[in-house]
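Some structures to go through are shown next.
Shared between the two complexes below is subunit A, which has subunit B as its partner in the first and subunit C in the second.
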Partner chain A sequence: MNINYLAATMVLALTGAFLPVINRLFRISGIQGALISSIGYVVSLFLVLISDKGKHVLEVFYTTDPVSILLGALILIASWMVMLVIYWITEKDKFVNELISALMISTAGALLLISANNFVSLAIAMELMTMPTYLMVLFAFDDKSFEAGVKYFFNGALAVGFMLFGISLLYGMTGSFEFSALVKNLFIDPLVALAAVFIFAGFGFKITAFPFHFWGPDVYDGTCPGVAALLTGISKSAAFIGLMRVVYEAIPVIAGHFTLILAIIAALTMTVGNLLALAQRRVSRILAYSSVAHAGYTLVAFAALSVPLSVTGIIYHSVAYVFMKTAAFLCFAVFLFVWGARTMDDYKGLGRREPLLAALFLIFLLSLAGVPPMAGFISKVFVFTAAVDAGMTWLALVGLLNSAFSVAYYIWIAKQMYLEEPTLEKPINDSPNKNWILLPLAVMAILLIVFGIWVNPVVDASAVYAAKVGF
Partner chain B sequence: MLLEADVHAYLFLSFSLLAVGVYGLLSRRSVIRMLFAVEMIINAANLNLAIFSAQRNVDGEIFAFFTIGLAALEAAVGLAIVIVFYKRFGEVIPSKIRNLRW
Partner chain C sequence: MREVFFYLFAFLSVAFAVISVTHKNVIKGGVSLLASFVSLGAVYFTAGAEFIGIVQVIVYGGAIVVLYLFALMTMDLKSFGKEPLRTLSVAVGGAISLILFASILYAGYKFYSSGITAGISGAEEIALPLFYRFLLPFEVVSVLLLVATVGAVAVGRREE
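And now, the complex of A and B:
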């Protein structure tokens, strides 16, 4: 791990840790809190961007390669924008500084998770990323968020317990915590295969893959949408990269055996996510089920792990996903705060009431659906091309069909916003400085379009990673 | 083939701990019981690490210390959530609260 990268995570975590203390001492207002944490984010972003030079420490546990620099910078930007929106929508609440502190510590955990190189560091980083979010889910302080918090805590604890048990079994069989120990010894002993099942079950809970997807929509729906943006976008993208680092050690050994299992899980995950999303009336549940479907698209790239293009597919989809899902939930959060809009009926005519915000929401929805100028399109192109290259045309066809399905409910939201007569008469929270909130969302929209056109950074980073794992 | 013979008894013990923990978590009788079940699952992993470390190398014992720390963290956060839950509903049994659909 590069020393600058380590410093970046420490700056972020320490800023987060001291924010509530500063609030206790000086009673800072929302704008001052946003300024202090913005300083932390900017310093941390700068340190991540320069972390290709400098000394290396802790090389056994963490590695700093172009993938972790690229994803780290993007996760930091997304988390920064989440912070700004949360400060804006909960300005009067007195626990907002504690919430932001948890957000920053969780982001530091995500930064460590995308560079983990070892099962020890993977488990620690995943706990650091997840543990603050257990408390963040309770932040709305109503019955639904308590329900979501209890459900999220016990499901997450089960996932962590499974993963730790799998790691301990793997250690017992091989005497090593390396990622490569798992795949190299997978078929030597049935207990190693069982350890792999436990570890992948733990990851499956985190990324809401098919048999373990049930908790996701309830939690994302029950908590306040700013926190759901963190859970769906940032945590899941980091977990994808962590899973990629586990799976892509020693590929030739496992490629033949794993392809079919992963392909079936991917097909089921996207189908279940899309079909259930079509049946929902509440916009937050539609977005939650579409995040399950997007986990399926990324698993398509994992299923194609015998070709180098799948690395590009995974990394590109994580890059696109961290922006579009986070930003879609943030748009929903702003609509909920200003207009109180929850269901599809409430969204009628909002395009006329809030033209700029609705246009940004439309950009994110179209990117989720996979429409060309945005990054969501090019990432799906890479994912499905990888599936075809690996000889699984049926999986690519299932994915394309699912994409076509998913356009239905995204376009439905757009139709409600633009073509219907308004039902909501007046906003519940009308603040004079409303246009400031467009700034962070516009930054995310611009980055989404930039990464949809300028593919070089992601392709270069994934080429370096693919060369490192031996394609 | 990778194991010495007498480890299997310990392995049986840790698998039973895991099974009891998973049963306690999935039966959802009371929030306190579920918290204990989480501790049992993590301690099953701990037991594994301690046993195998005697045969392999010292890495497992070091990781066991990390795992104990994680279990303590898990217990602290879990107790905080349980206290909030109890203060709100006056009850620790999830199935008795009607709007808690699970």
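And now, the complex of A and C:
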């Protein structure tokens, strides 16, 4: 692990840890808190960006390569924007600093997860990413968030239990925590194969893949939407990269055997997510089920793992996803806070009430649907091309069909916003400095468009990674 | 020197255990149980098993005795003294202790005769991987525990 990258994680975690302390000592206001944590984010972002220089230490546990630098920087930016929006929305709450503290430490966990290099560091980084979110999901302290928090806690505990059981089985059988130990012994010992199933099930919970997707929408819908933005966007993107590092160590052995099962899981996840999203009336549930569908798109790239383009597909989709899903939930959060808009009927005419915010929301929805020039389009191009290259044209067709399906509900939200008469008369929380909140969202929209046109950074990073795993 | 301490702490441990069973005052019994556990930990130390000694003190001396004392606090201690001794309870308890005592004697005899390999379960075998090989994950876990503490405080104080 590069020394600068390590320092970036430490700066982020320490800023997060000291924020509640500073608040207890000096009673900081929301703006001061946002400033302090922004300093933490900027320093951390700078350190991540320069982490291709400098010494490397403890390379066994965490590795710093172009993928972790790229994704780390983007996760930091997304998490920074989430922080600003959460401060703006929950400024009055007495415990907002604890919430931001949890957000920053969870982001530090995500930074570690995308660079994890063996199973010990993977499990611990994943726990560091997940543990603060248990607190965050509970944060609103009403009945719905209690239900969501309990569901999330039990599913999360189950997932990490599965994963740790698999890892300990692997260690018991092979005496090693390396990712490659899993592959070398996969077909020698049936218990190692069982360990692989458990580890994959643990990941399945985190990325809401098909048989393990049921908890996701309930939790994303029940908690406050700012937290859902972190859970769906940042945590899931980091988990995709963690899964990529586990799976791609295994290419030469498993490529032939596992493509079909991955393809079936991918197709089911996409279809289930999109069909259930079509049936929803509440915007937060639509976004939640579309997040399940997007896990399916990424799994398409995993299924195509025999061709190098699949690496680009996975990384590109994670890059696009970390912005578009996070930002879509943040837009929903702002609409919910200002107008109290939850259902499709509430969204009628909001385009006239909030022209700028609705335009930004439209950009994120179109990116989720896969419309050029946003990053969501180019990532889908890479994913489906990889599937065709790997000889799975049927999977690419299923994916395209699903994309077409998904356009229906994204456009439906847009139609409600722009073509209908307004139903909500006046805002429930009208704040004079409302336009400030457009700034973080606009940053994310700009980055989404930049990454939709300028493909080089992601393609270069994935080429380096593909060369490293031996394509 | 080691033998002297071994027998001293072994004697102390048994003596405090006897006090904890026979004393009329339950709180004093609980405290002498704690003393018994700690001296048992010292016995492990003198026998060269430092790690088990530490775990004995932390788990039994720390957690379990505190749990006992908490449970005792919720009870009405005054009524304990008036409670008559029931013959049946004493007989069943005595029989169970006798069986346990006999099996421990038997196991100790068997184990003593089978020879012991020294040098495992020391503190060094635990400390080297934990603080040297797996240092970074260990440090990350400390942040994890910090988050858990902050979370518990935030959730607990929210009720007010």
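The working rule: the second predicted complex is superposed on the first by the 470 of 471 C-alpha atoms of A that agree within 3 Å, B and C clash if a C-alpha of one lies under 4 Å from a C-alpha of the other, contacts with A are read in each partner's own complex, and residues count from 1 in each chain.
The definition used in the following text is that a residue touches a chain if its C-beta (ideal position, glycine included) is under 8 Å from a C-beta of that chain, and two chains touch if they have at least 3 such contacts.
The structure displayed is predicted, hence computed values, not measured ones.
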* To do: After aligning the two structures on subunit A, examine subunit B and subunit C and state clash or fit.
  => fit
* To do: Using the superposition on chain A described above, determine whether A:L401 touches subunit B (first), subunit C (second), both, or neither.
  => neither
* Asked: Looking at the overlay, does A:L112 come into contact with subunit B only (first), subunit C only (second), both, or neither?
  -> second
* Asked: Taking the superposition as given, does A:P20 touch the first partner, subunit B, the second, subunit C, both, or neither?
  -> second
* Draw lines from the C-alpha centre of subunit A to the C-alpha centres of subunit B and subunit C: what angle do they form, to the nearest 10°? -> 20
* Between subunit B (first) and subunit C (second), which does A:A125 come into contact with in this model arrangement: first, second, both, or neither? -> second
* Asked: Any idea whether subunit B or subunit C touches more of subunit A?
  -> B
* Please work out whether A:I261 is in contact with subunit B alone, subunit C alone, both, or neither, and reply first, second, both or neither. => neither
* With the two structures laid over each other on chain A, which partner does A:L135 touch: subunit B (first), subunit C (second), both, or neither? -> both
* To do: State whether A:M173 touches subunit B only (first), subunit C only (second), both chains, or neither.
  => first
* To do: Based on the superposed arrangement, let me know which partner A:V150 touches: subunit B (first), subunit C (second), both, or neither?
  => first
* Does subunit B (first) or subunit C (second) touch A:F95, or do both, or does neither? -> second
* Rounded to the nearest Å, state the minimum C-alpha distance from subunit B to subunit C in the superposed three-chain model. => 5
* Please identify the positions on subunit A that touch both subunit B and subunit C, taking each partner from its own complex. => 120, 124, 127, 131, 134-135, 138
* Structure fact -> Residue positions on subunit A within touch of subunit B in the complex are 120, 123-124, 127, 131, 134-135, 138, 143, 146-147, 149-151, 153-154, 157-158, 160-162, 164-165, 167-169, 171-177, 188-189, 191
* **subunit A-touching residues of subunit C, taken from the complex the two chains share** => 134-137, 140-141, 143-144, 146-148, 150-151, 154-155, 157-158
* Structure fact -> In the complex, the residues of subunit A that touch subunit C are 1, 13, 17, 20, 58, 61-62, 95, 98, 101-102, 105, 108, 112, 120-121, 124-125, 127-128, 131-132, 134-135, 138, 141
* Asked: Which bits of subunit B are touching subunit A when the two form their complex?
  -> 1-3, 7, 11, 14, 18, 21-22, 25, 31, 34, 38, 41-42, 44-46, 48-49, 51-53, 55-57, 59-60, 63, 66-67, 70, 73-74, 77-78, 80-81, 84-85, 88-89, 94, 99-102
